[in-house]
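Here is the structure we will look at, set down as structure tokens.
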Amino acid sequence: MSEVKRPNPLFRNLTAKLAASPMIFIVLVVFIGSTIWTVASSFTGIKTLPIFTPQEFYDNWVGWDQYVRLWNTPRWITSITNLAIYGVLYSGFAFIIGFLLAVLMDQKIRAEGVFRTIYLYPFALSFIVTGKVWAWILNPAFGLEKTVRDLGWASFSFDWLTNRDMSIYTVVIAGLWQGSGLVMALMLAGLRSIDDEIWHAARVDGIPKWRTYLQIVVPMMRPVMITIFVIVASGSVRVYDLVLALTQGGPGNSSQVPSMYIYEKLFVGALAQGTAASSVLLLATAIILVPWIIVEFGKKSRS
Amino acid sequence: MKLTKLAFALCASVALPIMAQATELEVTHWWTSGGEAAAVAEFAKAFDATGNKWVDGAIAGSGDVARPIIISRILGGNPMGATQLNPGKDADDLIAAGLMQDLTELATAEDWATILRPKSQMDSCTLDGKVYCVPVNLHSGQWMWTNRKVYEDAGIAPPQNWAEMIAAAPALKEKGIIPLSLAEGWPIGLLTEDLIVAIAGVDNYVAVYQDRNMEMARGAEFAAVFKAIDEARQIIDPKTVVPQWNDAVALVIQGKAAANVMGDWAGGEFAVAGMVAGTDYDCLPGLGVEPVLGTGGDVFYFPKSEDPEVTKAQLAMASMMVTKEVQVAFNLKKGSLPMRADVDLSAANDCMKKGLEILDNGTKVFPNNSQMLDRDSLNQINDVMKEFFSDLTITPEAAQEQFAAIIEAAPK
Amino acid sequence: MHSVSVKNLSLNFGAVSVLKTMNLDVEEGEFVVLLGPSGCGKSTLLNCLAGLLDISAGEIWIKGKNVTWAEPSERGIGMVFQSYALYPQMTVRGNLTFGLTIAGLPKDEIEKRVARAAEILQIGPLLDRKPGALSGGQRQRVAIGRALVRDVDVFLFDEPLSNLDAKLRSELRVEIKRLHNQLGNTMVYVTHDQIEALTLADRIAVMKGGVIQQLADPHTIYNKPTNLFVAGFIGSPTMNFLHGKAIDGGTAFQFGDHRIDLSGYDGGAVGNREAAVLGLRPEHITVHATAPAGPSLPAEVEIDENLGADSLLWLKLDGQSVCVRVPVEGRLPSGTKVHLGLDIAKASLFDAASEQRI
Amino acid sequence: MTAMSSASTVTPNGAKPKPMFAPGRVLIYTLLIVTSIYYLIPLYVMVITSLKDLDQIREGNIFIPTMKPTFDAWIKAWSAACTGLNCTGLAPGFWNSVFITIPSVIVSIAVASISGYTLANWPFKFAEWCFTILLVGSFIPYQVFLYPLVIITREMGIYSTLYAVIFVHTVFGLPILTLLFRNYFASLPEELFKAARVDGAGYWRIFFNVLMPMSLPIFSVAVILQVTGIWNDFLFGVIYAGPTNYPMTVQLNNIVNSLQGVKEYNVEMAATILTGLVPLTIYFLSGKYFVRGIAAGAVKG
């Protein structure tokens, strides 16, 4: 019974390791495997069919050609710019609107459940539905603009959907409608996790309420902010269906986003171009996120 | 019974006796609207009559939605029995990978090369002398549709060609009518190609798209095309650009717009609205400039199967699709032109007859764009044209150069 | 055979060494307290004993068995946690029987043990309540009960009283002592509270920086601290430290201009030392109006703190603050000049460089 | 403090209640109601449109309610709208969606909760690296994985079966769910876990007997998120599940995305509402638990 020898660390807590194996399998095979495949494919000239053997990669190798083409494509540049606009505005406003709504909801209001449901229900709807409905409402020909004009303001103009300088902002509007309720729910939960004593202390100190929120409560909500960031940021990088249903990337290419470019190229006989665009996104994400994730999540694990 | 006879004839022609038990074949396609579904039903009815079973696998949303699904299914080793796919270069990789059923034997036995026209459509199904798909119909995209009443109300004679339509535009605009309706996305690319055909001419179109004549692509003939597109974009108010092609056609039907450029499938919309060609509306092939017809069309591929029963049923289906009766029934419903010349199309409407006439003359028929350029390049041209249309700061010269660069870089 | 024996144990988290080559033997039935400031490694050591942390090197023996790599439940230990760690969704009975059920004990045996624990800890009426419905003291009792029913030889306590208020804490302290007397188990008890340590322990292990500084009975720890750290950590108010040097072959201590005779010092050979520290507990200094016989120093009263039973006098001595515990004899006004009598026999002398007791 | 009590501390802690009609209150309610209108308009437009007939849609304004509501569009969407040759409406796909959603939700949550539990309580370096990669992976557009997943599921021998679609949903649910579970389990008192180990409970018993009964809030969040995501999914269902398992969204896509013919906006809207009914109902019924669960899972990191 007495074990004198140190057991092999590999088999320590073996059950835990076995239980984590589905996750490890998914990470190694799906995420890492797909990433390697994606990056490798981006250096080839493959068109419709994906390739998987080293020989095939060798036969189709073209070097940096796909990347040269990618960065010479105006549509890709527009897409990247739009992603930046959308990402910043969507994330920023989702945080602001979500926070303001959560603060309003936190004022001991009546019928809180009703308001919460109203703010949260769009999240249950798919992006396609969201895009379709907002395309309708924002359409100048029979939506908001026409309605207001019918009411008497003949000069009223709201043509963002068909205005190439403004179209990406309609995506932001619809996206916020769909997603800000979730941010509100997360923020509300965060607000309510703050100890009552903080509020008492702030009141005793005579700190105005808005300052208490901004300077004391918000910094205390760090963990929930991080969760929101992951949800919101990954959502904006992946934005696809919404743009497709709302503007189809138009007018022209003015509201294109990278995942539309990627998806199109992957499936219209320019697979390698699609994987090259994916690789760029991957690299950008990794550069921004990996150091942050390691710092943020590495320190919190129990050891 | 007619169908039994048909089935019998099929058996004989394929020279493969059909077994008693039904083989189920799943068929994927993206034909989900009323008319399309009715056309597919004709296929299904005829196929079921051969003793097999048509299992419908419709996926709406055009090829963009369906293509990944179709390719994934083939790649994943669980292919459908048959599938609609864009003809030409789209399927080349799949064929090269040996994933598609070779139909050469059947095509030779039934002499498709003779009975099906035009040759270009057969060519797109042929790779290295082998036949891999069945062309089922002909569609043409070079039509201008005008609402006669709108012009007459404005005191203008209904235009008979592109230039007249442009000339009438200012007067219509004053009356609050959209002179030319347009839909976002691929319809802009279609309009571009139609103008190339109408203004630069069929031969030059083929010279650039197929033979990659770069001198031509950068030359004066094409500069005139971009000039015409420039005129078109000037008369189009971006607010009136609608999301989908049928919305644009609907504007013409409702009299809110005067004209639209769209393929022959737009005729179905006018028919549904109860409008009569020649009295209520005009259909002008080749935009009224030159009666020409692109010969795009729908084709079916048959992914290879290990199961000989399935292969047998696939061949039966392929054979069924080109029989006279099925061709007539299918194309009348679909609003497209049959592949066979030896069929009776007295039920066709005026616009269809115009098309048939051009087809029978054979002189002004040219291959579809997807038979000449790969889809990736076509999409890139679309991207350029979409930008050119929506951004008035891009000069026609700049757009032409971008266009030429894509043609130059396109894989042969 | 030792009840618990730690041999050359060390623990590293990456490059950080948390426990450094540690040795500790606990006798059968002994009550050992691990005492130290937070971060000294005392809880970590306890977790290692319990098997909740894998050690980097060394061995742990419990009741003559090498349990270095055994599962916590196989080590014959029971453990009581600071936050009680009661399973919130189970009743008190469920909490007590959870481990026994896992061990597969027969039903009547489980019943017997629960009944016994309930009797000892007087928690019988609480058995069917959930932890949420219990007071802090009751929860702590249940937590002890959970260790008790395991019928083990060694109890491990991880700051079990820190979450309680002062009154309850002193009550439960007595109860734990009583429990130990009654059961006679070996107990290893972690705390940062020296009162708990001094009152409960048979032996105290004072820890700092992952090293046991001194392991001894409370009396020795208090009176003969092995180094400056232990001397300063134990006792409240803390020991007074006078920095000076040992002169005249170690027979005297020079503090500023004052010379203090060390002939009564109860320690090792002092010898001459350039830097030394003389430690005197507040109760080992007396206050006199005039210089008393034996070693003494002049000082000036700063504050007189009346604690009821006695007073704490805070004095200034050559610019240094000194605290003295004196019987209450009326207040000494601030600024009063006094003489301090030093009980050198009870003093501790440290080498300033090595910080070790001489 | 126990975790149960911490999970239920979702009580307002803003200022003290004030009379209903104080100026500040009026402002608060005005803001709440105005924002509510913004959130409700699209739903209103959908419902109103679905109750109109095609003529009313063509003539009328999208915001004007109909005087002659008709449920024809709903009936057509549910039981008569055509998908290719099958004019059976959404109804048959409904059960397929149920059969895809239930096992996918269960398996994805099982895998993610166990992974989160392992990361929080039984960490080992390799798993933590995997988690980092997972988080980065959650930023990659889904489409990039389509072909590799076809090959992976083909090699696993499950392509075009229910198992494949369950697997794919598990893959894509893993990052965010693992993050939520990991945060939640890490927020539970560590001593509870230690006590259970001293009591002899192993990996699974601690999970099932000690932690899971305390984790209802986070499990309800996970269920809500996954039901919504999986029910609304179109692409994975249609690519990996195989034709016999096509979910309801395939029919919805066919109704909404049909290119040709007259656009039946009313049927489109009715179909949209019908398809969204399951996740919408879940939100309406369990919004409260969602907020509570989020409070328990996401807030404490």
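Structure notes:
Read from first to last, the chains carry the letters A, B, C and D; within each, the first residue is number 1.
Methods note: contacts are C-beta pairs under 8 Å (C-beta built on N, C-alpha and C of every residue); 3 or more make two chains touch, one makes a residue touch a chain.
These numbers were taken from a predicted model, which means no experiment stands behind them.
Considering the contact criterion stated above, the chains in touch with subunit B and with subunit D alike are A. Looking at A-D and A-B, the interface holding more C-beta pairs in contact is that of A-D. Farthest from subunit C in terms of Cα centroid separation is B. Centres computed as Cα averages put subunit A at a distance of 16 Å from subunit D. Averaged C-alpha coordinates give centres for subunit B and subunit C that are 89 Å from one another. Centre-to-centre, using mean CA coordinates, subunit A is 38 Å away from subunit B.
Separating the CA-averaged centres of subunit C and subunit D is a span of 54 Å. Counting partner chains per residue, subunit A shows two or more touched chains at residues 50, 266, 303.
In subunit D, the residues that touch at least two other chains are 143, 146-147, 151, 253, 256. Residues of subunit B found to touch two or more other chains are 68, 75. Of all possible chain pairs, the ones that touch are A-B, A-C, A-D, B-D, C-D.
Residues of subunit A that touch subunit D in their complex: 13, 15-17, 19-20, 22-24, 26-35, 37-38, 50, 52, 101, 103-110, 112-113, 115-126, 128-130, 132-134, 136-137, 142-143, 146-147, 150, 177, 181, 185-186, 188-194, 196, 199, 209, 221-224, 226-228, 230-231, 233-234, 237-238, 240, 258-259, 262-263, 266, 271, 274-275, 278, 281-282, 285-286, 289-290, 293-294, 297-298, 300-303. In the complex of the two chains, the subunit D residues touching subunit C come out as 1-5, 189, 191-192, 194-201, 205, 209-210, 213-214. The touching residues of subunit D, when paired with subunit B in their complex, are 58, 82-86, 143, 146-147, 150-151, 153-154, 159-160, 235, 238-240, 242-243, 250, 253-263. Those residues of subunit B that touch subunit D in the complex are listed here as 26, 29-37, 40-41, 44, 54-62, 65, 68-69, 72-73, 75-78, 80, 244-247, 254, 265, 268-269, 272.
The touching residues of subunit C, counted against subunit A in their complex, run 13, 54, 59, 65-70.
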